[in-house]
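Common to both upcoming complexes is chain A, partnered first by chain B, then by chain C.
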Partner chain A sequence: MTTPTNTVADAAATRKRRMSRILGLGLLPILLVTLFVVLGLIEPRFLRSANLINILRNASFLMLIASGQMLVLIIGGFDLSVGAVVALTSVATALSMTGLVSVFPEAQLFVVLLGVMAGLAAGSMIGVVNGLTVAFMKVSPFMVTLGTLSIASGIALYATQGVPVYGMPDEFTREFGRLRYLNLPVVIYVTFGVLVALWWVMNWTRLGRYIYAIGSNAHAARVSGVSTTFYIVVTYTLCSFLAALTGILLTARIGSGEATLGGTLMLESIAAAVIGGVSLRGGVGRVELVALGALFLALVTNAMNLVRVDSKLQTIVIGVVIIVAVGIERFKSRGKIR
Partner chain B sequence: MSASVDGPDLSASRSHVWFFGFFAKYGFLPVILIALYVGFGLVEPAFFSGANALNIIKQSSYLIVLATAQMFVLLTRGFDLSLGMVVSMVSVASSLVMAGIAPNGEGPVIIALLAGVFAAVAIGAMAGAVNGICVAYFDINPFVVTMGMQGIAFGLATTLSGGFPVLDIPVLLNKGLAQGAWFGVIPPPVAVCLIILAASYFVLNRTVFGRSLYLLGANSRATEVGGIPWRRYNMLAYVICSSIAAIGAILITARAGTGEPSLGGGLVLQSIAAAVIGGVALRGGEGRVIHVVLGGLLVTVLSIGMNLTRVDGFLQEIVLGLVVVGAVFLDRLRLKIRL
Partner chain C sequence: MGTQDKRDMASGDTAPVDQSGGSDPSLLIEMKGIDKRFPGVCALDQVDFDLRPGEVHVLFGENGAGKSTLINVIAGSFAADGGSYMFCGEKLGRLTPYHAREIGISPVFQEFSLAPDLTIGENLFLGRELASVGVLNKGEMRAQAKSVLEDLGFDLEPHARVGDLPRAQQQMTEIAKALLREVRVLILDEPTASLSERETDRLFEIIDRLKSEGVGIIYVSHRMAEIKRVGDRVTVLRDGRKIGTVDADAVSEENLVEMMTGRTFDAFFPKIEHRPGDVALATTGLTTKNRQVIDVDFSVRAGEVVGIAGLVGCGKSELARAIFGLHEITAGALMLYGKTITSPTPSQMLKSGLCYFPSDRVAEGLSLSRPIRENVSLAALDLADFASKGFLKIGSEKARAAAIVDKLQVVPLDTEKQVEFLSGGNRQKVMLSRGLARDINVFLLDEPTVGIDVGAKTEVYNLIKEMAEAGAAVVVISSELPEVLHLSNRVYVMHRGYLAAELTGEDITEANVLAHFFDRDHETEETSSKISEGSGP
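Now for the complex of A and B:
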C-alpha cells in the first residue's frame, strides 16, 4: 500500500533521476539547440530543408568515423590512421571496380559488391595491423598508427600515382551515391543504423563492457580474465572498418577514387569525439554524445559558410571551439570531483 | 697459463656487458645508421661523397632543431601538434616584418633581419604560452590544446599572407643563414643547431628546471609533492618548444628565401617521429639530446638515400611508416634489455 506521500516522493525521485540524466548529457545539447535557434533567426536560409539535409549528410560522415575513433579512445588507444584508411579504401574500391568492370561488363551489381568488399577488406586490414602491433608489441598506439598512417596513404598514392581513379560503374556512383529514401540521402540511414548498433554494443554486450573495462584499467581487466589482446585487436579493426565504410560512402558520393580523400578527417574525428566528452585517458565515452559532437562541428562549419566567414578564418574558429569545448568539459568534471 | 685462459674469458664477458650496455643506452640506432649509410653507399657510390655527407648534416640540422623543440614537450608527457603550423605562422609573420622594413633588401637590412628574428621568437613564445597555459593551468589535454592551436596558427598564417608566399624578403637572410659557411667552415644551419643543442643539453642536465621536466614526465605527482612549481615549469616547456620551433622557422625561411604559409604541413609528424625514433619516450620523462640527433640523422639519411637511389616518392612514405613502427618496436626491445 503506497501512501500518497510515498508516490509523491517516488515521482520526485524519478523526476530527479530524469533531470540528472538530461544534465548528464552535458552542455552539448543545450549548445546545439541554442546554435540552431540563433542561426535560424539570423539566417533564414539555414532552415531550408536542402541545407538541413546537407548538414545531416556532412555530419553523418563525421559521425561514422568519430564513433570508430571513440571505440579506440575508450579502450585507451588512439587512431591517427583513420584518414589514411579512408583514402586507401577509396583507392582500393575504385581500382578493383574499374578492373572488374572490364572482366564482367554485364554484371555491374556483382562488380559493385566485390569492389565494396575489397575496399572494406583493405581498410580493415590496417586496423588488424594496428591492433596486433599495439596489443602484442605493447607499443604506443600513437606511434603505431602514425606509422600505418604513412604506410596506408603511401600505398594509396603509389597505387594511383596521385591521379583520381574514374570509371566506376554507374550503379555505384549514380544509383548508390545519389540514392535517396524519403528525400534523405542513404548515408544518413547507414549512419543511424551504425550508431544504434554501436549504442547497443557498448551498453548491452560483453564486447562493450570489456572495452570500457580495458580502457579504465587494463591490468585489472587482464587479471579478471579478460583477453585484453583479443579485444584490443577487435576494437582497432572495428575502428578501421568504420573508417573504411566512410571511405566507401564518400567515394560513392564524389564518384572517383582519390588518394587525398579524408586528409582532415583524422583530426576532425578526434575533435568530435573529444567534444562529445570522450576522455583521451580511456574508459569514458558515449556514442550518442560523440554523434552530437560531430553534429556540432558540422553545424558550426555550415553556419560559417552561410554567413560567409572566410575559409581561412574558419580554421581559427574551429580551433578555438575545440579548446573551449574541452576546457568547459574539464571545468565541469573538476567541480564534480570536489 | 691459467691467467691467459682466464683473460679472454673475462674480457668476453666484459665485452658482453659493454655490448648490452651500449644498446641499453643508445638503442640500435647507431648500428642501423651506419648500416644504412654503408648500404646506400654501396648501391649509389655518389652517396659516399664528401658533398653528400655535408648535405646530410645540413639537411638533418633543420629536423634536429624541430625535434629538439618537440622533445621539451615530450619529456613532460605532452605533445605539440601545433609545431608545424607555428613554423608556418612564424615564417609568414617574420617575413612580413622583414619585407616591411626592408622590401627586397632596400633599406636598413640589418635592422630588418634583427626585427624579423625578434618577431619570430616573440610570436613563437606567445603561441607556446597559450598552449602552456591551457595545458598547465587549465588542465586541458595537450593533444586537444595543440590541435586547436594548429587550426588557429594555420588560419593566422594563411590570413596574414593571403595564402601566397611572401617574396620580397632581404636576400641577405638566405645568404647569411642558409648558404656559405660561418667562419669559413661551418654551415649556418648546423651552427645554429649546435648552439641550440648545447643550450638544451645545459638546460636539461644542469638546471633545476631541466631536471624537473624529467620528473614531471615520469611522475607528475612527485613534482607536486616535492614542492616544485610544476605548473610554471610545464608551461615553460611549451614556451621553449615553440620558441625553438620559431628559430627553426627562421632557418627554413632562409633556406626557401620566401615566407611560406604551407611550410609546416608535414613537420609535426616528422619532428615527433625523429624524436621518438631516436629514443625519446612518448610516456614522458625519458629522452636526451643525443637521441634527437640520432633520430634526426636517421630520418634524413633515409630520405636522402632514397632520393639518390631514385626510390618513388610515394614508396618513400611507406618506408618511413615502416621505419617508425620498427623503431618503436626496437625501443621496446631496448627497455627489455635494460630491465
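Now for the complex of A and C:
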C-alpha cells in the first residue's frame, strides 16, 4: 500500500495493535508487581520466605490445572470437569496404593509408581470421554463436561463413601509429598517443567499450531486437511491429564485420598486462564500468561488470608475478579471483530 | 505426488455410475451427469461440466443455482450422489478436500478457510506445515511464505495476524494459500467481491500467467465486466440444472440474464413507476461511532426506490442500521418526515413508520423455531390489533397474519408452520410481511434477495414495485448490481464509509457505479471504457 491514506491507516493499525498488545501483555505483570509491593509494604509477614514459598506452591497447583484448561479454551472448548478429575485421581491413587500395599508390603516404591499410574489413567479417561463426546457427537462442551463432572465426582464419592482414604505408603506422603530441593517444594519444579514443555508444544510443534488453528476457525482447519476430531480428543485428554497430575501432587501433599479435593479448582482454573488473556471464543492464549494469571489469583488469596478476610467473603472477591477479567477480555476482543 | 493418490482414490470409487462415451484425456476436468441432493432439495441435477488446460471457465447463475454445490463437488467438499468425475482422464471416486489439494485442485471459497488468530505465514502452511517429527521448521516456512507473496506481487507481511487484516487482504491471503503448492485447477469463488480495482488488476495478471502455464481456472462471478475481461467460456446454471455453455466473447448481458433467470430481461426486473413526492427520510453529515459511516448526506422520497451500492464493508448496510438505531450515531442529523430524530431506537423508528429488514435473516431477522404468525406480528405487538394491556389477541393476530401471508403467497399458507421449514424465498416474504403488519412507509431493505431463488426474487421485486407505487419510500441496499441498477430511481454508491456518488436517470449504469466502488486515484479512462463495453444499455 503506497497511497498516503493507507500509510496513515497502517500506522493507526500498528498503534492499535501495539495498544492491544500492551493491554494483553503488560497489564498483568504490572498488576502483579504492584500487588507484590503494596502487600510487602502493608504486611511484613507477606515477605517472609515461608509465606512466599507457600504462595508459589499454591500457585503451582493452580498453574498446572489452569494450563490444561487453557488448552481446551484455546481449541474453542470448555472443561468443567477438571475439579472432579482431581478428586477422582486422588481417590483412585489412594485406593490403589492402599490396596496394593497389602499385597506388596515390601515394594513400596513399586506400589507408589502403580498408584500414580492408576490415578493418571483414571483422570485421563475422563478427558478421553470428554474429547470423544465433543468431537464426534458434537455436543456442547459445556454440557458434556458438566456431565462428566457429575460422573467423576460421583465415582469418587461412591468409592470412598465420602470418607478420606488413609494408609498410603510413607514414600508417597512423607518423602515425595514433602520433598524439597534447594528449600523449594518439588511441586514447583514439576510445574515449571510442565510449563516449559507446554510453551514449547504450543509454539514449536504441529500439535500446538493445530490447537490454535482449530480454536480460531475449525472449518478452516478442517478444509486445510487438519484432523480436527483427533486433535480435540488429544487436547481434552491432555487437559484431564494435567488435572490428574495436579490431583496426585495434592494427594501427596495432604496425605490422604479425598473425594472432595479440588472443589474450587474448576472455577479458579478458568479464572486464571481468563486473567491470563485466554479468549473464551478460542484461538488465543499463552501459557506463560496463564501462569501469571494463576500467580495473581494465589497472591490475592494469600493477601486476603493475611489480612484475615473471612473465607466465605473470599469467594465473593474471587467472583468479582473473574467477572472483571472476562469483561476486560470482551473489551479487548471487541476491536478485533470486523 | 499425484499419481499414487489418484490410483488410491480410484480404487475406493463409490460412485460407479458408468457413463459410456469417450472421455477426452486432454481435459483437466470432465464431469458428466453429476447429481447432488440435500434433504428436500436437488442441488445439482444431471450437470455436465468440463475444464480445459489454460482456460478460464466462468460459472454463472443466481444464488442457489448450484454454483457453490458444483465447485464443492469439484473440490471434494461434497460427494456427488451420481455421475462421473474425471480428472486428467482418470476417474475420481470419493474425493476429500485434502486429496483434492494433493492432486492440484485448489479452491478459494468466499467463506475463507483462514484462522483469524494465526499469522499470514502460519495460515499459508495450515495443514501442511514443514515439520520433522511434529516439530515445526519455522524458518523455512517463513522464507517460503515470503517468497510466494513476493512472487505473486501481494503487498502482505507474513507475520501479520490475519484477523487484523481488511477483507481484501484476507482474500489475497486465501489466494496465496491456494497457490502455495503447484496447482492444476484453481477455483475462484467471487474473488473480486472485496478487492479494489488495483488488486483486481493484479489478480487478473496472475490469472493470465496461470493460464499461460496451462492451469485451468473455474471462476464464479456475477459481474458482467469481469466475465468479459477474463472469461473464455461461460456455463450458466439455474435451479441445479445446466442451461448451457457459451463463449464469453459472443454473449450479451441480456442473454446471460435471460439464461440465468429463465425469464425475459424485462419480465425479471419489473418496470417501476417512480413518483417521487416529499422527502421521507434524510440524513445530513451522518457519522457513526464505529466510523463505518462517515459524513453521509442521503435522502429518499415517498414513492421512489433508492439503491445503495458498494463493496463489502463499504458501510452501506451500516448506514441503514444506524438509521434504524442499531449503530450509535455520533454526528449529523436524521430527519423522518421533516422531524429531527436525535438518537433513534428500533421501537421508536417502527412507531414512526420506518422498518429495517436485515440481510442475515437467520441471525437477525426471524425466530426460526416459532410459527409464521408470531414472526409476522413480532414487530407490531404494541398495536391494538395484536394486543391490549399486555394480553395477546390470538384470534385477531391469526386473521391478520393469514391475510398478509395470503397476500404475499407464502408457501405454505399455514400460519402455524414454523419458519425453519420454509425456503429462503418464503422466509424473506415472512420478514417483509412485518412491514405490512403495521403502518410502515419507509422500507430499508438490506440485501433483500440474498439466498433466495429466481421465482422468489421476481416476487420480491414486484413487492418492491407495489410498495413504491403505493407511495412508500424504499431503500434497496444490495451487492447484486443489476438489482440496484434496474429497480432504482436514484443510486448512491458508498466507498469506505463515505458517499462516493449519487447517480440519477441515464447515469445509472454498471460502469458508472463500479467506477465509484474503488479508490479514485486508481481510476483510469481505460478501465472504465473496458467496463462499459461489457455492460448493457
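To be clear about the criterion, the second predicted complex is superposed on the first by the 301 of 338 C-alpha atoms of A that agree within 3 Å, B and C clash if a C-alpha of one lies under 4 Å from a C-alpha of the other, contacts with A are read in each partner's own complex, and residues count from 1 in each chain.
Please note the rule applied: a contact is a pair of C-beta atoms (placed from the backbone, for glycine too) under 8 Å apart; a residue touches a chain by one contact, two chains touch by 3 or more.
In this text the structure is predicted, and so the values were computed from the model without any measurement.
Novice: Using the superposition on chain A described above, determine whether A:318 touches chain B (first), chain C (second), both, or neither.
Specialist: first
Novice: In the superposed arrangement, which partner chain does A:207 touch: chain B (first), chain C (second), both, or neither?
Specialist: Only chain C is touched by A:207; chain B is not.
Novice: Should A:255 be classified as contacting the first partner (chain B), the second (chain C), both, or neither?
Specialist: Neither: A:255 stays clear of chain B and chain C.
Novice: After lining up the shared chain so the two structures overlap, which partner does A:154 touch, if you call chain B first and chain C second: first, second, both or neither?
Specialist: first
Novice: Please work out whether A:99 is in contact with chain B alone, chain C alone, both, or neither, and reply first, second, both or neither.
Specialist: Touch status of A:99: no partner.
Novice: More residues of chain A are touched by which partner: chain B or chain C?
Specialist: Touched residues of chain A are more numerous for B.
Novice: Return first, second, both or neither, reflecting whether A:283 touches chain B, chain C, both chains, or no partner chain.
Specialist: second
Novice: Check whether A:164 is in contact with chain B, with chain C, with both or with neither, and answer first, second, both or neither.
Specialist: Once the two structures are laid over each other on A, A:164 reaches no partner at all.
Novice: In their complex, what parts of chain A are in touch with chain C?
Specialist: 1, 3, 13, 17, 204-207, 209, 212-213, 215-217, 219-226, 279, 283-284, 336, 338
Novice: For the complex, give me every residue of chain C touching chain A.
Specialist: These residues of chain C touch chain A: 77, 97-98, 101, 109, 111-118, 122-123, 126-129, 131, 134-136, 138, 155, 161, 163-164, 166-167, 313, 519, 521.
Novice: Can you list the residues on chain A that touch chain B in the complex?
Specialist: Touch residues, chain A against chain B: 133, 137-140, 142-144, 146-155, 157-158, 161-162, 267, 270-271, 274, 280, 310, 312-323, 326-327, 330-331, 334.
Novice: Inside the complex, what are the residues of chain B that reach chain A?
Specialist: Going by the criterion above, the answer is residues 134, 138-141, 143-145, 147-152, 154-156, 158-159, 163, 269, 272-273, 276, 282-283, 312, 314-325, 327-329, 332.
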